[in-house]
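Take a look at the structures below.
First chain A sits with chain B, and in the next complex the same chain sits with chain C.
Moving on, here comes the complex of A and B:
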């Protein structure tokens, strides 16, 4: 089932000035309900503009954004409800924290929804669990935390609204490997528990290959391609031409293939390649030299 | 929405005003402001407006930009006009009266002049200084022009540096505010509904992160400056040394003539 549909969406920045710039040009795309979609593209390809269109922070100049088959701009008064349904985590969200305690900050969204105190407590506890924040942290000031912890608090703040669609713009940018996998683990956990649709904007092809089922590739304000990880990463040369890349390990597999060792296609994570390599080392009769 | 504020923004170009020495431009601006305040008769107002129009024309700044900077202070101008219309009493019969409100011809005249004066003041100085002078050139000019004050132990260089930094970070802070507002909106914050108290309260989620990041940025900037051995203006040399040219002095003569002209046709 289609959760979000974009029909001929265009968006223009700085209209009527010399700085005018077409950010999005006739975007058509569908996001399946319950999927994890990776949104990739070169810097300035329109990814961040696109995600802001999805929760109504920006209004398309042309075309429609449909959520569950209904135009999100159909009823302007319902815009806040839409924001609770489509949760957006911005890039470097740790800069939005403001409350005295972590707990209160996570509760900001649910409070705006007008929920009861009891329900808010539940939501905060659940969101904190998804993001791996333990009980002791909740009473601390968000400004005392480390960068990675702050990031998780900010993401929990959006998860606490239990949006049906969770959009994250570069959720792991600038974090260490442990921080990255914690955050992506939390996102997967959230999806598993709530069945939400997830969209992740990322520059890391490794993360996309590991966590996403679908990939949407943007280039110069247009949808360049849409498909499964296999379909997209098979087009390595074309991806390079638009300033993108394939996962490092996939590059390694291609190089091996060029050297005459064919491990097979569609290997994009270290784990998969590891399993494919094992036969070559066991017994030494795998044909490898 | 916040990006629309153009007051105090440099508009690159190569007009006669863009090339004028920033020190001279500050002097010219002072002269211009004095001239605008000296105008009183309608004839001197005509000269004043012509001066402003010529400045705008010669700067080759698109009219749209000049007007958009004007819009930002429209409210103040309208307010001044209203005050002048209602609070000026004249000798003749009021033009129109209702209850305690009386409107005299003098009031309308005052209001008209006030609006013209403010508009000329604003557009003229904006074009002379903000639009045609890059912030760096401007503070450089200020520093040099006020350098003699160092003799009485005024920290001229430090003030100029503070101004440069403040100007430099205005666009950054505006962008930051925009970002934080969007992030809080995404969490259901509402800045447009409710009474005054609620609206002021709604600003807290914006102001706190904004202050925190501004302080952090200031700390980082200070460290970065120290890493490059900044230790004040003492013994600091410059990449661009300002030189006044013939056209700068010509400009000064024109502006003095403009001021004198206005004074001569005063009542």
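Moving on, here comes the complex of A and C:
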């Protein structure tokens, strides 16, 4: 089932000035309900403009953005609901924390939704859990926390509104490897528990291969391709031509093939490559000789 | 090789809100040779950026010595002496949008040398050389905002090169870039080190980047906990995971295969070498 559909969407910055720039040009795309979709593309390819169109921060100059089949701009009055339904986590969201305590910061969104205190408490507790935030941290000031913790508080603040669509722009940028996997683990957990549709913007092909079901590739303001990780990362040479790449381990598989060992297609994570290699070392079928 | 940077018994702490001191670096001892390429790894908050800022004299240590080319910079220096050190050790930061000041690329690169009071003919020469080194000559007259992230970072690097530094510190300079931009900047860093002999200190969370250096220094909780060649440091994935870090994907795969009894070396950190070694093993089975 389609959750979000973009129909002929175009967007222009600096229209009617000498600096006019077409950021998005006739975008057509569907985002599957309940999927985790990776949004990739080189700098300036239009990813950030696209995500802002999805929750109504920007209005398309041409075309329509449909959520559950309805144009999000159909009635202005519905825009408030839309913002609760489609949660957007910006890049470096930790700079947006402002409350006295972590708990209050996470509760800010649910409070604005007019929920009961009881419900808000539940929401905050759940969101903190998804993001791996210890109960003890809730009473602290967000400004006492480390960068990685602040990032998780900011993401929890959006999760606490339990959006049906959760969009995150580079949620792990600047974090250490442990911090990265904690963040992505929390996002997967949120999807599993709520059935939400998730869109993740990332420059890390390794993370995309590991956590995403679908990939949407942008280039020069247009949708270059949409498909499963297998379908997209199969096109390694073309991806490189538009400033992208394939996961490190997939490059290894290609090199191994050049050395005369063909493990087959669709191997884009360490786990997948490992499983393909097991028969070679267990003396089972598929010996290389 | 002669030492370019010597750090002896260095301690540093930040002042907290109530005036209490929050220790960040404890008893750091580290030598960096002229022309060396050292990568610093460590989880968020481990103290690695603080160390970089001390070497660049943005911060002053509480105690210990920081000797750059024979001169201890951890003591009170006159402004003139301070400038002299800063010129020799340049720094490139994370965000490509925060480091460019002028509206034309070549003017941005000229900003540093102009402040040093260098004659204009020589500035011209330095700017041209710097642009060529980072492969951005054709963009000399462009406006920085028209450039991609990787290109902006290369202009930031050119601005540092134009000061003719002997050492450049890269503080997560590729973290915000797309794959192509990251590649461009990593290639530029490697070129500066190999061809121009510039001492490189690179702070990163990207293990593929760390593979490229001569030596890796791992900092945790303000202490140096591990150092050595990349092949040595990445030999034990479990130790790195405990430190909140990771190993290159191919190193992780080889570790898993060794658990299956595969006779594979621990020192594989690049895909090229890994593919060669594994293909040879499988063909001889």
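Keep in mind that, in the parts below, the second predicted complex is superposed on the first by the 277 of 289 C-alpha atoms of A that agree within 3 Å, B and C clash if a C-alpha of one lies under 4 Å from a C-alpha of the other, contacts with A are read in each partner's own complex, and residues count from 1 in each chain.
As a working rule, a residue touches a chain if its C-beta (ideal position, glycine included) is under 8 Å from a C-beta of that chain, and two chains touch if they have at least 3 such contacts.
Predicted model, so just to flag it, every value in this text is computed and none were measured.
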Q. Thinking of the overlay built on chain A, is A:108 touched by chain B (first), by chain C (second), by both, or by neither?
A. first
(Q) Looking at A:116 after the superposition, I want to know if it touches chain B, chain C, both of them or none. Which is it: first, second, both, neither? (A) neither
Q. In the superposed arrangement, which partner chain does A:282 touch: chain B (first), chain C (second), both, or neither?
A. second
Q | Partner chain in contact with A:44 - chain B first, chain C second, else both or neither | A | second
Q: Name the contact category of A:93: first (chain B only), second (chain C only), both, or neither.
A: first
Q: For chain A, give the residues common to its interface with chain B and its interface with chain C.
A: none
Q) Which of the residues in chain A end up touching chain B in this complex? A) 14, 52, 55, 57, 80, 83-84, 87-90, 93, 95-98, 108-109, 112-113, 143, 157-158, 161
Q | chain C-touching residues of chain A, taken from the complex the two chains share | A | 41-44, 146-148, 170, 173-180, 203, 205-206, 240, 243-245, 247-249, 251-252, 255-256, 258-261, 270, 273-274, 277-278, 280-282, 287-289
Q: Mind listing the chain B positions that touch chain A in their complex?
A: 3, 176, 179-180, 182-190, 204-205, 208-209, 212-213
Q) Which of the residues in chain C come into contact with chain A in the complex? A) 42-45, 94, 148-150, 172, 175-183, 205, 207-208, 241, 244-246, 248-250, 252-253, 256-257, 260-262, 271-272, 274-276, 278-279, 282-283, 285
